[in-house]
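Each of the next two complexes has subunit A plus one other chain: subunit B in the first, subunit C in the second.
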Partner chain A sequence: MDTISRRDLLAGAAGLALTSAIGGTASGQAARTPKRGGTLVGSWGGFEPQALFVPPGGGSSPNMTSTKVLERLIRLDEDLQFRPVLALSVTPAADFRSYTIKLRPNVKWHDGADFTADDVVFNAMDYWKPISSGGALNALVSAEAVDKETVVLKFNATVPDFFLKSILAGRTVTIPKHIYAGKEMMTNPANNLPIGTGPFKVREWVRGSHVEYVRNENYWDPQLPYVDKLVIRWWRDPASRSAAFEAGQLDFAVFNPIPAPDVKRLVDTRRFTAVTEGYKNTAWALTTYFNTQREIFKRADVRRALLHAVDREFISDTIYFGRAKPATGHIPSSNSLFYFKDLPTYSFDPDKAGKLLDAAGYPIRNGSRFTMNIVSAGWFEENVKAGQYLRQAFEDIGIKVDLAIPDRATSLKRIYTDYEFDMAISNNSGPLELAPQWTQSYTTSGIVKGAAFRNASRYSNPALDKLVDQYLVETDPKKRQALAREFQLILATEAPVTSLVEIVSATVARSDVRVAANYADVLGESWAHIWLDR
Partner chain B sequence: MLRILFRRLVQIIPLILGVIIMNFGLIQLAPGSFLDVMTAEQQISDPAMIERMRILYGMDQPAAVQLLKYIWSVVTLDFGYSYRQNAPVLTVIMQHLPATALLMLAAIAVALLVGVVAGVVAAVKVNTIWDNLISLIAVFFFAAPTFWLGIMLTILFSVKLGWLPVGGMRTVGTEFGAIAATFDIARHLLLPAVSLGLFYAATYARVMRASMLEVYKSDFVRTARSKGLPGFQVVVIHVLRNALLPVVTLLGLQLGTVLGGSVVIETVFSWPGIGSLMLDSVMSRNYPVVLGVLVMSSVVVAVANAAVDIAYFKLDPRISAR
Partner chain C sequence: MLTFWTFARKFARNRAALLGLLVIVAVVVVAAMAPVWFPRNPLRIVGRPEIWPFVNPRFPLGTDSLGRDIAAMIAHGARTTLMIGIFASLTASLIGITVGSTAAYFGGWVDEVFMRIAELFQTIPNIIFVLTIVSILGQTITNITIAVGIVTWTPIARLTRAEFLSLRDREFVQACRAIGMRDLSIMVRQILPNALPPVIILSSLVVASAILFESAVSFLGLGDPNVASWGGLIGDGRTLIRSSWYICAVPGIAIMATVLALNLVGDGLNDALNPKLNEG
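Moving on to the complex of A and B:
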């Protein structure tokens, strides 16, 4: 099979970003005036969502379909600047216990109703806090509409500026009060045909095929969106997406839409581009959890020894075809705020792993040191291969391995409900802000039986918890970074949960598709800034 | 004949009940529940929220109560509600059913046409180069994985030649009149129906050939020939008609799969059918949709079998005499 190395992909991608405008810097595009009109056909490396909008989030697919219609207050760009969307400004009080939100005036919902401060109050108290923010807004006490365009959020603790803005630019889209208030949110018919303030209105959703959006003629920014029509179409098979690109039936697809070997082939034709920008705020990793409640794996020296037996370069280059790179900590290196290079790492050294295990009291007796069971969550093809690779790697140092690669539902149950594993392979993902999405995979409060993507190791360390708690209320950005470094240092030393490799996500597009913005999360932004240079 | 038909239709009731109870049991036995999948996908970790969803989904009740409720909902022809799609199960199924039925009927039509013609030619030209060639092609299409065949046909006809669209059922984002829309769907249907149809055609061809050769040896064929009837007439009227029985049996079996769809072909061609819905529903343990599809499939199987029985009577009057 034709393989490309990670360096080729990244180098190719970087080079192309300069020549073509996809996801490139805003300055590179300033010279060109965006053209209006046309139909953009988009897709992504996954399947159709269960509903176009799923109130608690629902994962990448509904996130992609809903954010074209439902807007957030602000958005985050790759240069770490928050840009106004529905809010013109979000300003902390001097004590960081309340925030004043100034809303954009004269915004209308797609059904013609006015968007006002009442909508934001409803969202904050009845939707963001209890449902969509995943517990991040637990300190929120009240939301008050001061006037039609001003809302004050009050908290019972200090709330860091970046933290709050990151939440407001993240999983908290704004939904219309007049459609959702007083009804069961999960089964509201509007979830299948959302009504928002965004640049696109839903025209038709043909289940199993595509959703068609049309330009919102009354959008608050009369310049946007650039395209007249947006179609999000789903192909269940990556090879079919390549074929669709080549046949001219697909323009723009995010989150690794096509098989890795096809990326190079398509880019070489010069009719397509592939870039890796646009994923800073949704980084993914291949994550392993050790079960710290089990006899052998409750010992940090054993966990560290095992990590020395894993060749992360091999996983990146062979299992991910170069679409991943070895991780050097729990947080991906794309996180320019909270990634630290100088944390302890575990080089690939099977001899050292063996010696460490000898020293830990697990020498090879009757042909093996001990037996461990690995559960690899079978939702990604790469997890299947990574499980098989880890079995080999551990057998090489004299450990017997029972490997199970169950389907989605069984994996969730075994890893996050029954904790039935010695080592689990899963995937963590999260935004730039560490709390709560990244931190809950190792804090004591993150141990929630039955809640997926939380602390499956059941690792509990009061010293680390204390640092995370301080980090949550610290408002000085420099001190927050210092705290983050401190608890990541403990995490890297204790190694209950580890990112083995960082997944590099790529966007593939026709070379005449331009993006006049540098989204930090290209999948979850409105795509109003995308235009067709035809 | 009417009595047999009636008996067949009455048999559907225990069949459906069995289908429901067995599959409900299987889904309950499978590790992981619908609630696990939904809370994981929605990234819910708040125990209070999980409890709220458990009650919303009716999963706070014992399995037996859930089963009885489901059976009652089938009796009242309301197939329940799918929280995953946020719509009634019947609506969800009906959104996918026409596409699947169209694809499967087209595929079976292709299979029948190609398979029967190939089988007849092979039997007439038995042990010639034609016979061998047809056998070889049949084995090829039977052995070639349908997903591979689908991708190869797509690359040739859609990417290289640009004649046909890549997947989907309709051209997205354009408005058509009724005639143009039919033509558009036909263009999208061609490749998936052919890829799937050729796979089935291989079986038909082999069965048809064997059956034709069997009938050729009969006395009445020799008699017909010795009467001096033209070869074509002997083949079509005397041999073909009598050789059709096994093919009709096979057809009846395959009609039963019409509702099941083909997950593989639907995946390769992004055909908005029921196969992918079933796959997703099984993976997410969404039993109302799984059971809904299976109940409807069992009705179709029963009806198709009744239809095949009637076809037997027409093809071979000896059967009804017995």
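Moving on to the complex of A and C:
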């Protein structure tokens, strides 16, 4: 079927291409010259986006479709190195209150216009700061174009180097000023047919089916992209994605595209591979929130007691079929910068949970201690099962449970707008940098009625807020880690919001698909480095 | 007047209907005995996940992906299924007969208004209507029952109306009017008993479609997570269809058998109650 040729990697002109094979036999395939050409059909473990590009973010689906076209200034790789994309360098001043960005020369937008420093100034002030960064760039005061290829960002506070670069490698894609300036951003027709600087141009979006991209012949890196055509196609459910793989209709799919039990079956045929790299900068967890505004659950001793009733091993082994692991803190262990393994944990011990509740003043009376309602966000099938499991776990320690598993829209409303739950089961996710995405699920400023994935517990602790504020302006990486440890310690002890298990995300691909880069966020990168060994 | 024994004989002449009745009786027995045979909450995790049927005698029908006993869920699910079927059918019959008889008996603008309303309900795709009602009212078993009742009353209303139309100008009705009987008692005491047999047959079929609606709603994840349901079991097992297909197959067979049996019983009732088939 596939003719496999083994050629050594010619030390590339680009210099940053580290070939890592997607797949089991990585060692044998580590060094290969990527081949040009072919059509790559990609997908992910979710649905079609509302628009190909949604300016405030809009979740994983538009993130995936837009980032093939719209590029960022820099990108982050799994080795924690930032690589140049549209910016050749981002350098802090000595006081960390301004940063100088050197841009890549001779870059053109897909419509032929030049990409210049003016575009970056427009993005920084009119798009990144107010819309896409979610408040992370509030300290940004001005952006100035020094010349055509240099921009200086000025801040009214110190800004840590890793923090800013994370933002620039994260939610801040670069959009063309000449298309967006002076127009309503959300309703711009270009959102459905994005014009960017990226390796792929949108050719056609057939709604309900797929979007087709073609190679950008004028891309600033003439080597890239490797494939001629990229198709992103959507399927309604995981089982049909694995059928599509087997029928040869799908080459490469990210973020748990197929049912977990099918992964082993497909990989065993040796026609497919599954890897878990590429998710360091988008780690996901099964998260529980206690409603700290309710009578019973405003008490930390009750919250801690309930956590002792939960068998996290069972959740990861049975509900996730082993594709998850028990979490030992709020931040997933894949986060090599801010994960600390010595935080307080809650072992599975129903007897202890019962005793703690007795001590807290909730003994079993007339058959139960109290009644609680659990709302499990129905967007992942695992959440449905986790809800069913937690009900049983709490019933075992004498709590009556009323479980609701609403659809996506109702779940968002009940959990993040109406706060209508005693315990909510949801999914927090975030990059390596903790602020703002992780921190806003427990800081006081994170209590924003109606904003999804914020502080649904409405937990408010001035001591923790102060630590997070210090963390935001601390520029010494070591001290930042120390601060991060301190506020995670408070969080682990107080337990308003808890990661029960870390979800191990997987990419499934045909065994002849290779990725000549080690993306830290494979879903949100350009896929210019993917090639087909056919 | 049809006596019970002639009715039973006519019904029994249809062998398929008898078989259907047997299945329904079996389902009723299982539903009734569920708390005795499986005293524990059927949604409890009791064993290793994905044990195949007939492997472990403790779990004769195997366990699902969480390790819950499928036999217990089927037995308790039968209660849910029957409950929804019967109450949804009662709701639908109540609305349908009221609307249909009123429309036909009074005629004129009452008829116009009621039938336009019925058409309005008929134009909305049933399953979408059910899902809308359930997602607005909330995912409880009561709401699902009400929702199914609301979408399935229209055929009953139309049938009742047709029967009433053919009866309301008969001589016995005119005689009732002549002796000054009130409209309500003419409708309920005189016309309804004569119009009822075909309506009963249709109601039995509504039970079948109610079961299918509940299964579809649960399959799509909008069922009541606090009760065991056949459709919910199929929905949970869907992702494992390639490896552990029995999780879907066992409740699937249960639904198929029950719905088929209800249809067969409906046929049998038709044979027994339809006067046009009564000769011989």
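Observations
Everything that follows uses one rule, which is that the second predicted complex is superposed on the first by the 506 of 534 C-alpha atoms of A that agree within 3 Å, B and C clash if a C-alpha of one lies under 4 Å from a C-alpha of the other, contacts with A are read in each partner's own complex, and residues count from 1 in each chain.
The definition used in the following text is that contacts are C-beta pairs under 8 Å (C-beta built on N, C-alpha and C of every residue); 3 or more make two chains touch, one makes a residue touch a chain.
Since we're looking at a predicted model, the values are computed, not measured.
Judged by the touch definition given at the top, the superposed model places A:D262 against subunit C, while subunit B stays out of reach. In the superposed model, A:D237 makes contact with both subunit B and subunit C. Counting the residues of subunit A that each partner touches, subunit B and subunit C differ, and the larger count belongs to B. Of the two partner chains placed by superposition, A:P344 touches none, neither subunit B nor subunit C.
Legend: residue contacts after superposition of the two complexes on their common chain; A:V384 is shown touching subunit C, with no touch to subunit B.
Applying the stated contact rule after C-alpha superposition, one finds that A:G134 touches subunit B and leaves subunit C untouched. In the superposition on chain A, A:T318 contacts subunit C only, with no contact to subunit B. Shared-chain residue A:P84: touches no atom of subunit B or subunit C.
In the superposition on chain A, A:Q249 makes contact with subunit B only, while subunit C stays out of contact range. Contact with subunit B, but none with subunit C, is seen for A:G59 once the two complexes are overlaid on the shared chain.
In the superposition on the C-alpha atoms of chain A, the part of subunit A touched by subunit B in one complex and by subunit C in the other spans residues 237, 239, 406-407, 410.
Within the complex, the subunit A residues that touch subunit B are 39, 41, 47, 50-51, 54, 56-59, 130-131, 134-135, 171, 184, 186-187, 189, 191-192, 206-210, 212, 229, 231, 233-237, 239-240, 243-244, 246-247, 249, 406-414, 416-417, 440, 446, 448, 450-454.
Considering their complex, residues 237-239, 242, 259-262, 265, 314, 318-319, 376, 378, 381, 384-385, 387-389, 391-392, 395, 402-407, 410 of subunit A touch subunit C. Remark: subunit C residues 41, 43-45, 49, 65-67, 135, 138-139, 221-222, 225-226, 236, 238-244 touch subunit A in the complex.
Touching subunit A in their complex are the following residues of subunit B: 30-34, 36-37, 39-47, 49-50, 53, 56, 81, 83-87, 92, 95-96, 99, 147, 151, 154-155, 158-159, 162, 165-170, 172-173, 266-273, 276-277, 280, 283-285.
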